[in-house]
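Chains: A, B, C and D, in written order; residue numbering restarts at 1 for each.
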Amino acid sequence: MPSFDFLLQVPSSTDNLAMIRDFVAKVGEKAGFDEKEVTKLALAVDEACSNVIEHAYGGNNANKEVRVRGSFDAEQVVVEVVDTGRGFDPGQIPVKDVEQLVRERRSGGLGWRLIRSIMDEVQYQMVPGEKNELRMVKKIRKGA
Amino acid sequence: MANAFNLTRTEQDGAVILALSGYLDAHTAPQFERAIEVEFSGGHTKMIADCAGLDYISSAGLGVFMSFIEDIRAAGGDIKLCAIVPQVYQVFDVLGFPEIFDIVDAQAAALERFRSGAATKEV
Amino acid sequence: MPSFDFLLQVPSSTDNLAMIRDFVAKVGEKAGFDEKEVTKLALAVDEACSNVIEHAYGGNNANKEVRVRGSFDAEQVVVEVVDTGRGFDPGQIPVKDVEQLVRERRSGGLGWRLIRSIMDEVQYQMVPGEKNELRMVKKIRKGA
Amino acid sequence: MANAFNLTRTEQDGAVILALSGYLDAHTAPQFERAIEVEFSGGHTKMIADCAGLDYISSAGLGVFMSFIEDIRAAGGDIKLCAIVPQVYQVFDVLGFPEIFDIVDAQAAALERFRSGAATKEV
């Protein structure tokens, strides 16, 4: 099976998350994921893009772009989320469980947990002055 | 569009029922947050989030539950969740929400738990 | 109102026309078109992309890309369809009415007619060795 | 997915009824084309395309009607169209199909036109 490449680019606004989810869901369907897998894939990418909008760009900003590349072959789906905003070090994200977050009355801190629990591989790369790229891989399990 | 979120409010037996429907993500979570805030500051502490119509939730939606629950419980109330569809439940589940939140099948069961004063879960 | 920019790129395959229509429909909705206008906008872009797949690339080809850029401001929606295949001269398209096409048992020849009847401006530009670009504009009519 | 197209075939009073549903575009038109071909080469020339479930048509779908209608009429038959929803009808309309094709409201009316031998439109 050859590999297939899809790209979506939208202004940095939470208003566009629905469009991103629909895009990713379609790529997942084409790759052969079942409905449950498709929903999870779209959730992981939603989380990644929400973070870009909120943290990398510091909020909605129609002049900034969120770029989502989805590709697949017979083995796996690869989704790359690219931004040109502020980068960060995922290794520095404090690992807190939900109990702790609740005690601290925090409303955030679960996005990365979801991404990691859904995707099989997660790599974050900063190319200073150029872009930040989050690369996520989800394997296609036959007959799963 | 797969972005619509809707919230309808009713009251029953002293509890506020917020029926959520559609997509609860980083775009729509602020709307849910404001609704909870309005209830809480209006003195309503017994709340039921009826999720029967909720098609999708991301961490931004989960965060609304997380950030209010302690204060609401400290004030003698609770947010009970009911009627969560399987594909939304899997998100709550993977993050361990069932250990912290009181999640039941239906509105009636949630009301019953307020009535019977069933012990509120503790963090 | 600032202008908003959206981009979708998919492999050249009629299988992806549905994804293109959904993308364009969402851009149209965001721009404020009503359902009827949205459907027509998506149809015009479907026709343009079907032509790219069939004529510019000579059929489905997963290694070729169809690029659709949608943007809007308060006045208009602009959609650009870009390919890197064979270009052509739209001035050479024979103008035949449906009666004539039917008599000739033709199954084609209506795509351009639809595009022109739906869009307010249509420009085709070849950049030899680089790309072909079809630029289509649809005005937003207030309270229409 | 907004790409599904479906075709179901029934026969009534000597006419073949093809009920179209979903999206008829360059991707799905070949499927419709083959169905018409099969009928025609099987000697069925009285056809009704019931478009009640058809959500979308592009020129590739219109082309199937265009390319067969002359031969089918020459063989004494016709393709009648019925139950076209407004957003699909506007596409037929803008291209002038109503002047060439026999388009009626419902299946019953299409059958009636075959029964009464209503004059077939001519190009």
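What we mean here is this: a residue touches a chain if its C-beta (ideal position, glycine included) is under 8 Å from a C-beta of that chain, and two chains touch if they have at least 3 such contacts.
This structure is a prediction, so every number in the text was calculated from the model and none was measured.
Path length between chain B and chain D in the touching-chain graph (shortest route): 3. Chain A and chain C, compared by their mean Cα positions, are separated by 29 Å. Centroids built from CA atoms put chain D at 26 Å from chain C. Rounded to whole angstrom, the centroid-to-centroid distance between chain B and chain C, based on C-alpha atoms, equals 45 Å. For chain C, residues that reach two or more other chains under the stated contact definition are 15, 19, 22, 26. Residue numbers of chain B whose C-beta contacts span two or more other chains: 1.
In summary, the structure contains touching chain pairs A-B, A-C, C-D. If you check the complex, the residues on chain A that touch chain B are 14-15, 17-19, 21-22, 35-36, 39-40, 43, 46-47, 50, 53-54, 97-99, 101-103, 105-111, 113-114, 117. Per the touch definition, chain C reaches chain A in the complex via residues 2, 4-11, 15, 19, 22-23, 26, 30, 62-63, 65.
Those residues of chain D that touch chain C in the shared complex are 1-3, 23, 25-27, 33, 56, 58-60, 62-64, 66-71, 87, 90-91, 94-97, 99-100, 123.
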